Amino acid sequence: MVTISVLVLLGLGLLTAAILAAASRVFHVSEDPRVAAVLEALPGANCGGCGFAGCEGYAKAVVTDPSLPPNRCCAGGAATAAKVSELTGKAAAASEAMHSFRRCNKRQGNVGLRYTYQGIPSCAAVAALADGAEMCSYSCLGYGDCVSSCPFDALSIRDGLAVVDEAACTGCGKCAEVCPRHVLELVPSRARVAVTCATLDKLKAVTEVCGVGCIKCLRCVKACPAKAVQLENGRIQIDHEKCLAHGDSCGQACVASCARKALCSLRPVLLEPLAKAEEKTA
Amino acid sequence: MDVFELFISAIFVNNIVLAQYLGNCPYLGCSRDKGTAIGMGFAVVFVIIMATLCTWYMQHSVLVPFGLGYLQTIVFILVIAGLVQFVEMFLKKMVPPLYAALGIFLPLITTNCAVMGVAILVQREEYDLVTSLLYALAASFGFMLALVLMAGIRERLETCRVPRAMAGTPIALIMAGLMSLAFMAFKGMTS
Amino acid sequence: MQQLVREFTKGLWAELPPFRLVLGLCPTLAVTKTADNGLGMGLAVVFVLALSNVLISTVRHIIPKEVRIVCFIAISASLVVAVELLMQAYAYPLYQQLGIFVPLIVVNCVILGRAEAFAAKNGVLLSLADGLGMGLGFTMSLTFLGGLRELFGSGTLFGMPVMWEGFKPFTIMVEAPGAFICLGLILAGMNALGAWQARRKKQAVPAVSSGCACCGGCQSCEGRK
Amino acid sequence: MKSVLHMLVVLAAICGLSGFALSYLKMETAPRIEEQVLTYVQGPAILNVLTGIDNSPIAERRKFSVEGRSVTVFPGRKDGKLVSVAIEDSGKGFGGEVGVMVGFDVSRDTLTGIGITTMKETPGLGTRIADPGFTGQFIGKPTNEKLKSQGGSIDAVSGATISSTGAVTAVGRAAKSYAALKPEILKAWQ
């Protein structure tokens, strides 16, 4: 019996190893060794902030796609970007730090309530119920779907509005994904101006519900010397690349031009003190 | 045994997850969203059937003739582990779309006790090959059913206010308990 | 020495396998109808876990990477067969009670998980301490859960009647639903206890970890130390 | 190539070593396992069919061979004198083999009782052959007892004729072994 059991198990072990060895030859899929190396360098949080399905997806893409920048991993930050760029031989383009930014100022605009909502405390749920509880169908809902989605605890709800902690925000974009109203969007941390309203409505439809809503008068579009401000898909969008490239010489013409300032306030740079310091030196 | 009865009993009455306690780790682990649950479910169906086929032949052509029944555990798990690794490599090369859909679940399946459990159960029940395969099919469908139902419940649960201490796994386990309670109502449907 | 003690004790509370790491759920749920079944299963796992940790850490340098998992499985499966034989020879009623879950020890995530995460990276003595600690933690948890279910489900503890006269057992506790619900409540209790302790020490309340059940990919889990 | 060889050698060595260790362990434990199985699986049935004895039939069991088959006989003794023996055999039932432990009265050559040890009959129907209502009919009957339909005096369990026939076949086969072994049995335990 001893011999038979030893032989059977020996045979099984040999067979398994042989089949696996043969299979790993026959079914060998040549994989760039750099993929494994990049994967090793990534933090492995699988947060999806890079826009790929998990760290492995990004590792594969960044190795194979020459146009993909090595700094997409927001969780790892600059250190990871440096490692990835070293591994892929891509120049570490100055990593453009991004922030989440809320395009709504409903408190300032005095947006009223349609009804009192007492259901499940989730933005997705309230948004599905007669276009939300507020008069504006595009405002921040304030039930914090973004807060629970944030892997870095950078969001909180204050007075019914999502507030971004800019120091903690890594710009992974998770919140922008879950926000059912697309109130949150990513802007470069250096951005000089940003739109604080997300409405798709125009003119009277806006003025009726909100004191500070964008009415699409398009003055800002005309005022911008760099053609960085455009109406896209019914909302004013700023091409931050063009805007930053043009520099401060315009004196933020778009902000100045905004109809009654309060209506569609394009706000100065996120880091206001910095802007002020620049003004002083100028 | 009647094929229909075998099917109903393996899927509902003796559901491998909810009545026989097999495959609980993936049941709680892969039920976060329905897409994952369905992917895992199909991967398990595929592997359980393949594993049952291989282990059945192993049992009847090697273990029984040589009187090595006591080595069943080690032989079965080696066959399953090798099989899973082989299938993974095979799919990666030959059927990349299927690999993309099921691939990430395959390595997790070696330690899924449902696979090993079904392989051993059909030997203990002394089913013939066809019955074994039918049982494997039904049992793995039962697993998928439980998994997908659980994923549906948990997607709803996401939007509910749950006491802090209960959030996550505890509430999922209690939901599993209630589901198992519901499945107990099927008892008596088959003799 | 200190490290040995640390590796041993972490399995007893901080990383208690079924309750903290939510590992090895199938036997935890299946065999805990009574406290003695839980204890018996736990001891079988201690045996396999401690020895497999020792063996794997002994041979860890000669195992090629490609067949690492298969080798680990072969080692732990041999130990499981040994347990099966010993249990049949010396504790046959227990063997009958545990049934299919004795061979299924081999697919218990705790075993492969510890092999991958610990024994494959650490020395023999440390691995032994880790295996014993984790195994005893597992045994404790199983016995506790089994005791709880037995107490309410049949009014006995280790087979001895302990409830008052006229106590009507909640039969559901020894059935499958009772297992799930009981474990869920214990996990919730652990979370509440953790939060209470943190509050008392004036620390931030720890985020409730969903443990290993968030992936189920025990063997691919290398991040855990 | 070297890595493949390494793989083969290591895995085969581990498997071979474990095969050796396990078969050694199996040989060491085999007698004890057999005894445990007899105690816990056949034990209750043996004690059931051999009533009024004061020895341990399992410890004193002995193997005989009948027509090339090995048959285990469990002796029941009272005050040191052999009064009855138990023999297990099986017959084809509805769901598979039905294992029956059959007790024989040595002095009168009648049945002292039967007990079902293993079966895979339909729950609720075929399994009723294990009820005392069916098994009790055999007590004190001659060893060649048959079902009523076959000209004997045993009532088959209604709705489970095939299971009942299986049990009766098993009894018949055990009786055949008993008849063939009787001289040896008497000699073995005096």
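Per-chain residue numbering starts at 1, and chain names A, B, C and D are given in the order in which the chains are listed.
Definition applied: a residue touches a chain if its C-beta (ideal position, glycine included) is under 8 Å from a C-beta of that chain, and two chains touch if they have at least 3 such contacts.
None of the values given here were measured: they were computed from a predicted structure.
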Looking at the contacts, which chains touch chain A and chain C alike? B, D
For chain A, which other chain has the most distant CA centre? D
In terms of CA centres, which chain lies closest to the overall middle? B
The pair out of B-C and A-B sharing more C-beta contacts is B-C
Once you find the CA centre of chain B and the CA centre of chain C, what distance in Å lies between them? 21
Separation of the C-alpha centres, chain A versus chain B, in whole Å, is 38
Just how far, in Å, is the C-alpha centre of chain D from the one of chain B? 36
Residue numbers in chain C touching 2 or more other chains? 66-67, 70, 74, 77-78, 81, 85
Check each residue of chain B and list the ones that touch at least two other chains. 70-71, 74, 78, 81-82, 85
Quick check on chain D: which residues sit in contact with 2+ other chains? 7, 10-11, 14-15, 18-19, 22, 26
In the complex, chain B touches chain C at residues 18-26, 28-30, 32, 70-74, 76-78, 81-82, 85, 107-108, 110-113, 115-117, 120-121, 124, 163-174, 176-178, 180-181, 184
Across the complex, what residues on chain A touch chain B? 1, 4-5, 8-9, 12-13, 16, 19-20, 23-24, 26-29, 120-122, 124-125
Looking at the complex, which residues from chain C come into contact with chain A? 66-67, 70, 74, 223
Considering the complex alone, what residue numbers of chain C touch chain D? 59, 62-64, 66-67, 70-71, 74-75, 77-78, 81-82, 85-86, 88-90, 92-93, 96
State the interface residues of chain B toward chain D in the complex, per the touch definition above. 1, 70-71, 74, 78, 125-126, 191
